[in-house]
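These notes concern the structure reproduced below.
Labels A, B, C and D are assigned to the chains in the order they are written; within every chain, residues are numbered from 1.
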Amino acid sequence: MDYQKILNTIEEELSHKNTLGEVASYIPELAKIDAKKFGMYLYCVNKGKFSMGDSKEKFSIQSISKVFTLSIAMKLMGEDLWERVHVEPSGDPFNSLTQLEYEGGIPRNPFINAGALVIADILVSNLKNPKAELLEFVRNIAGDPTIEYDRKVVESEKSTGYRNYALVYYMKALGNIKNEVEPVLDFYFHQCSLAMSCEQLATAFMIFSNQGKMLETGEEILSAKKVKRINSLMQTCGFYDEAGEFSFEVGLPGKSGVGGGIVAIHPEQYSVAVWSPILNEKGNSELGMAALEKLTTMTGVSIF
Amino acid sequence: MDYQKILNTIEEELSHKNTLGEVASYIPELAKIDAKKFGMYLYCVNKGKFSMGDSKEKFSIQSISKVFTLSIAMKLMGEDLWERVHVEPSGDPFNSLTQLEYEGGIPRNPFINAGALVIADILVSNLKNPKAELLEFVRNIAGDPTIEYDRKVVESEKSTGYRNYALVYYMKALGNIKNEVEPVLDFYFHQCSLAMSCEQLATAFMIFSNQGKMLETGEEILSAKKVKRINSLMQTCGFYDEAGEFSFEVGLPGKSGVGGGIVAIHPEQYSVAVWSPILNEKGNSELGMAALEKLTTMTGVSIF
Amino acid sequence: MDYQKILNTIEEELSHKNTLGEVASYIPELAKIDAKKFGMYLYCVNKGKFSMGDSKEKFSIQSISKVFTLSIAMKLMGEDLWERVHVEPSGDPFNSLTQLEYEGGIPRNPFINAGALVIADILVSNLKNPKAELLEFVRNIAGDPTIEYDRKVVESEKSTGYRNYALVYYMKALGNIKNEVEPVLDFYFHQCSLAMSCEQLATAFMIFSNQGKMLETGEEILSAKKVKRINSLMQTCGFYDEAGEFSFEVGLPGKSGVGGGIVAIHPEQYSVAVWSPILNEKGNSELGMAALEKLTTMTGVSIF
Amino acid sequence: MDYQKILNTIEEELSHKNTLGEVASYIPELAKIDAKKFGMYLYCVNKGKFSMGDSKEKFSIQSISKVFTLSIAMKLMGEDLWERVHVEPSGDPFNSLTQLEYEGGIPRNPFINAGALVIADILVSNLKNPKAELLEFVRNIAGDPTIEYDRKVVESEKSTGYRNYALVYYMKALGNIKNEVEPVLDFYFHQCSLAMSCEQLATAFMIFSNQGKMLETGEEILSAKKVKRINSLMQTCGFYDEAGEFSFEVGLPGKSGVGGGIVAIHPEQYSVAVWSPILNEKGNSELGMAALEKLTTMTGVSIF
């Protein structure tokens, strides 16, 4: 199959499309991004690599980072993790306090903000230098030692992340945050601010397509069973309140971020990352969703 | 792969297992079932058929029927259907009025009770003789003209289904039920009371494994696209508040019922039905979940 | 104090006031009422009687009837009543299912619809002929044997009262409705349809101003303690989601209905009824609220 | 009426009563209080003063302070205040985030924590030195320049008040907190830590009994209209989720605190304060409620 042609077609057909949505604005630094950016990178298990557009330009990966921190937490705690965060879809906007209150401080899954904050708390408890170790983990699986936190985005998030402060304090009141609030949020704002390109993201996510092993070296980063759990979570919870729609339209496990990035994987076939900053009303990249839908339609491959 | 051996192993290892759960008791007629019943039927696209235990004994399929009525509704309305019921996981116990109130009378998906009642309303509006036509549809895809409604179960449901009455009246107040309440509930209680065996269920669900076509005759019942939508919904919403767990443990689209039945399909490979009446705390068959988990583990096949 | 002059001033200043609200429309029969109707009747413990406008014209008393049924239920059960309905303000729109779900089927107070339906259930259980006995009770305290149910309103409510059906079925599912649904709702729709004039209402409510005794005969209808309980409930819960505002603006215990009527009492001083069909956004009579506010301001009497 | 005799009777009959509740424990400093403390102070408009037990011992007034800060906010803003906090009863436990989320960040009333935090934000915005000016206000109306904040309680609240942090951050996310979080909470924790005796509280609350004027000097602290508003709010919202019960049992406007204090007023008759640290399950002083109920029963005076 000529993947490069498929990516070219996606670029042609979608890049000029008028979109109704807007770039994320609640984090001031994200609102400055050029809305026209559009890139895609496809990395196949058989080692083929294909790209189009702004695939090498770094952007704020935001919630996509939740997959990285979950991976580290699973390495540290295994299935014990599920005593502090559940594995069911949320059915509520991604930052709802109501559901949290109703369920006694245990977040529904690790991909809603509350769940990711509990994961952040776990890493702060268990790692000597959480920010450095997360960076090291991501640099390793992305095969690129230049990946960095974007300090401006960190500051921007800190100055406006009142809802995240509320979530952490509320879970601390309910006993599900063990550390002081500041280091947990400092870590969380850093993870969200990771700046990566489509190429780096697709490379990093190859471990989820390749049973937990890095493709080039064969090094096992996660066990196959842990990867199955993470993929299953991406399938059912990876797209805020649009998980069902994405599961149907694209049919692959994946994770989106409000920076406009989406990564998806086809087990034992490929990992793919796409970036376009304009979001639909559910908070996912509009062109990114369309691009992935086109990819699975044109390749005729879906898990269903 | 020796599927018969795998089924035998499942029977041996699980049938004597002590379970902590209980048979569904809120419908008196269901409470009378022998808790020890256990059967399984596997139907492969390459035409192999394998079974164990009580695979030919009929039981109340309950919520599994929601997949049949959704199929008919999609044939009638296509994607227009989603204006009256959404496609996102629920994140709430399966009969919550709160979420319905919050979302203005549009149920989250067609597999929670509220959603299935809207589907029932649609069929009552669009079919001349809804109960007869549903029966005809199911008999056709199951290849068995003896399938019937269980009148005792219908009566039992009618006399205790207050919560379903509340749901229908509430959605009628909000404008999402178009018919009188009685015919909608009469139809709904009938669909839930369908009595089918594992063999009949696995045969009927083969259309979801086989791109919408009946395996023996090649007759197209649903388009491939509609099947993809239904499979995607079974993957994300088929197991009440345990969809995430099932997606991980088993990794297949499926649907459970409080009668203790579960059906699952592996696209282009097989459909499988299992029955054991004792339910776990989430309302799914305890042994049924375990049996399907063993099946995908032993066959080494999962969609992740 | 010249009460007649005060009533005349109220009529003059308010009757030509333009109002932004609308007549209740969800019950078709109520939507037919002439929006310009305006009447008021003041009945003093020292036996003075004063009136203005349409004070002798009958209208649908709707929720005001909840005070009558509560009175009968308290005569029957005393404080045991509070095991089936609570006495706290609701803090939610008057027909919320969410709060009911959250609190296990026990309504917050007897003046929200759910609570009044539980009271109706209690009367259906305890009275031989509930509709006749309610009529007898009201005719007795109003001193007028001509008071009747309005059959057209009953039919109108039955054909559109889906939300009340939902409430009753839901509470029946939760065990807090003991009778079949139909007789409970038939009774409830009848009580709401009672047609009474301001004069009749003010006369009937005199028992709440006069320690439970009828003013003319001295006959004790309710003990002083039960009256204190009912007055306290009218004070904190009598005005849907506007109880706090009414408590401040008027400062008297009272009860409103969507037919545009309001009754209020000043303990040991007077009872007063006012009627104007146009409702504010909280569902209370706009002119009625203003008239009572003027009355307490001009008489200089408030409980605070 | 021999008020001293009534207070003596209350002391005799209640002080040895076994109680099932517990002293507030979520603020460590409060948990240290001797549970047997019991005092009461009655201050009449005709200048009679009566007391019993530990009426001169200072305790943490906690939520009673919300009446003082509301008074200052009303002096500053008048009725404009109600754009940032509503005046309706809450119908939810006193620190519910759910209701706040549902209502867009506008608290139901100024006596739930969320509402008091908005009031604190208003004072921080409008006063030059909020903590000093609050102290001055309270010292003035209590006629006692020795009243102070209890620094140990302030620290204790700060180290455990996660839920209040969550509330403030959440309302800041929704735009209803204008200042930085720290000064608002610092002020709030200080107001809660005010240490006052029953004598001081009853003296301070005399302004609410006396139309806004200090009894001894006649100085007007608040207009009669503002006092009516505050009394009305105490009547409907002063007792968390027990406002309806208190309104019936005692029949007076009042305010309780988790330190075990309750203050109530009878307009133009008296103000009264009572203290006993053991709380009932709704968070109000058990003996305090009983003492006030006895007082109104024995004096035969209630507003209903």
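In this section, a residue touches a chain if its C-beta (ideal position, glycine included) is under 8 Å from a C-beta of that chain, and two chains touch if they have at least 3 such contacts.
None of these values were measured; they are calculated from a predicted model.
Visitor: State which chains count as neighbours of chain A and simultaneously of chain D.
Guide: none
Visitor: For chain C versus chain D, which are copies of one sequence, does the interface use mostly the same residue numbers on each side, meaning over half shared, or is it different?
Guide: Same: most residue numbers at the chain C-chain D interface appear in both copies.
Visitor: Most remote chain relative to chain A, going by C-alpha centroids?
Guide: Measuring from the centre of chain A, the most distant chain centre belongs to C.
Visitor: Counting in whole Å, what is the centre-to-centre distance of chain C and chain D, each centre being its mean C-alpha position?
Guide: Once rounded, the distance between the two centres reads 32 Å.
Visitor: Return the distance between the CA-based centres of chain B and chain D, expressed in whole Å.
Guide: 56
Visitor: Report the inter-chain centroid distance for chain B and chain C in whole angstrom, where each centroid is the mean of the CA atoms.
Guide: 48
Visitor: Can you tell me which residues of chain C touch two or more of the remaining chains?
Guide: none
Visitor: Would you mind writing out the residues of chain C in touch with chain D in their complex?
Guide: Contact set of chain C toward chain D: 86-92, 99, 108-109, 227-229, 231-233, 235-237, 241-245, 247-248, 251, 253, 267, 302-304.
Visitor: What residues on chain D touch chain A, complex-wise?
Guide: Touch residues, chain D against chain A: 96-98, 101-102, 162-163, 165-167, 169-170, 172-173, 181.
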